[in-house]
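Letters A, B and C mark the chains in the order given here, with residues in each chain numbered from 1 onward.
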Amino acid sequence: MKLISDRNPVVVNLTNYLAMNFGANALLAIGASPIMSFYDKEMEDLVGIADALVINIGCLDDAQIAGMRVAAAAAQRLGKPWVLDPVGVGASAARTETAVELITKYHPTIVRCNASEIMVLHGTACKTRGVDSAEPVEKARACAREFAAQHGCVVAVSGAVDYITDGVREAHCDKGSPLMAKVTTMGCCASAVCAAFAAVLPPFEAAAGAMELMGTAGEAAASRSCGTGSLAVNFIDELSLVP
Amino acid sequence: MKLISDRNPVVVNLTNYLAMNFGANALLAIGASPIMSFYDKEMEDLVGIADALVINIGCLDDAQIAGMRVAAAAAQRLGKPWVLDPVGVGASAARTETAVELITKYHPTIVRCNASEIMVLHGTACKTRGVDSAEPVEKARACAREFAAQHGCVVAVSGAVDYITDGVREAHCDKGSPLMAKVTTMGCCASAVCAAFAAVLPPFEAAAGAMELMGTAGEAAASRSCGTGSLAVNFIDELSLVP
Amino acid sequence: MKLISDRNPVVVNLTNYLAMNFGANALLAIGASPIMSFYDKEMEDLVGIADALVINIGCLDDAQIAGMRVAAAAAQRLGKPWVLDPVGVGASAARTETAVELITKYHPTIVRCNASEIMVLHGTACKTRGVDSAEPVEKARACAREFAAQHGCVVAVSGAVDYITDGVREAHCDKGSPLMAKVTTMGCCASAVCAAFAAVLPPFEAAAGAMELMGTAGEAAASRSCGTGSLAVNFIDELSLVP
């Protein structure tokens, strides 16, 4: 899409192993230039040439966590927008500790997550079942707004109706398809797309625009898919066709 | 499929990097909730919330092996079903040692493998060529039966005709397509599906049901695919369409 | 394809996480037998049974670099052909140092790269933007020829018109589609296909044949794809249909 491809922003993705290929194809499809890496020894260099950064905690290990610290610190120091995707926070102590450390020390520009995840980060009791949300977005709105205000960031909560807030402003997106939740790393992909938008727009507009694009492309793809395998393929096609 | 989706079991996958995305999509398609991780420091937590576990040795490294030990020990202690996929055992000493250690110390519920792999584990001389089987399933049946009886587990051997045994009972599945062997991680996917079934059925019935589903979906997908790329996509579609 | 499948060469891929699945499917589609691993403790064993090796620096970390050293040394000692894909060399010091070490110590048979990458390796000032080339192939031809002559290897530069040289001979391939650059790891896939060809042909003929196959399959796939998602799928289909 012209908004992104005119700038062809370099988006550095420190993300989980599942999400790398799908996310890179999504970023290429919309006109961004993805780099996938988590190597702590090159993160200074890569964030230096990046227009935006994504950190996704979906598959933690010591090497990834080391890379996350260097990358987030560099993004903060250089004033580059960065998106945190706290995948499965609450499912293990390691995920919760890592997400909390990244938020409190390095202040993400945008937190893109599901309802359970923002409730965990906010400290509200909620149901979690692994990495899939067990709560509706409606229940998470107040948490998201408070969290955004407290941390000075934008929060984008994915669900049947996506909710985006900076603590004051609010946006909603009811586009998409329930089938999207059955394609793995669709949420991680939304976080990567948020980063590409954050390279060319202010954070709130970026998150709202990214979620709108995800919903539009997902809805169009679902309308011509006969299952979740073709949905993933058609979704990338739809992204690549946006003028 | 209703059998799985009614329970929506959490399946923790400690698997190789290639298999993560395809396996997660297969598990989502049938109604399970996959978590992909190999981080030793969160394996206690994750196996604690899991209904079943898969350990796949397709891409070993020290970090993965550390995670495997914690995960398998937790599954054994908590009495949770776990599936071992001994990818390429025999191709390197590291693979053989890791598989043997996991079997003898932590007693997998189901071993899902190909003919060469069960022959290696059984100690029978056989041809191996990397990670693809060089032997027909027929030749491996006696090995599988003896191995299952000796280790008190179920063995499911994939091939032209799949063979499932608990050392006494036997099941066969002649569904599927030879093209399935040309889609990478199709066997790893079978192991993940076995784990989802093992969360809702006893081990022998689980392995037989999983191989039947793999064969049925693969055969249907192959009948409308013009190559191995579309076969992978259509296979996930077929899984997602099972009532 | 018969040229490859008659030998069914084992190709060991020490590659980045994004490229593993797509590359393995491409190798299976043309009749090779891929193994994906980067574990230093099994690299001696795996290269011992390999007919060719690929080393791709797309997602570096300490574990991968350790594996690369053992694998490249084994390939050199055993006289097995190996392909280096110096993804994003120049984007970070770590990538440049790793690529230079592998080239000077272990002498790759084929270097498969883009225009920016060969210019960086040659020491020529050029524009780089992350992992995507910022220079046309034409500008890199002299660099490629000199580099090939100096290092006694074949260089294959991907672009609108691919350029292959051993320092004396030259080949060109103008097949393909500009959309191929929008599918992630298409270049990594070309490197894997180069390795499969290098298992059955001399290096220059291998690289030229591999790039020709990539271009032919990519062009056919693009002609029937409605976006970059389906292009990736159709590309594997096309590879699997070559007689």
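The rule we apply is simple: contacts are C-beta pairs under 8 Å (C-beta built on N, C-alpha and C of every residue); 3 or more make two chains touch, one makes a residue touch a chain.
Model, not experiment: these values are computed from the prediction.
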item	value
Overall pattern in which the protein chains touch one another (line/ring/star/complete/other)	complete
Chain copies touching (chain A, chain C) - same or different residues, decided at half shared	different
Rounded Å distance, chain A centre to chain C centre (Cα mean)	31
For chain B, residues that touch 2 or more chains besides their own	17, 21, 63, 232-233
Chain B - residues contacting chain C, complex	16-18, 21-22, 58-63, 88, 91-95, 129-132, 182-185, 225-230, 232-233
Complex contact set, residues of chain B against chain A	8, 10, 17, 20-21, 24-25, 28-29, 33-39, 41-42, 45-46, 49-50, 63, 232-241
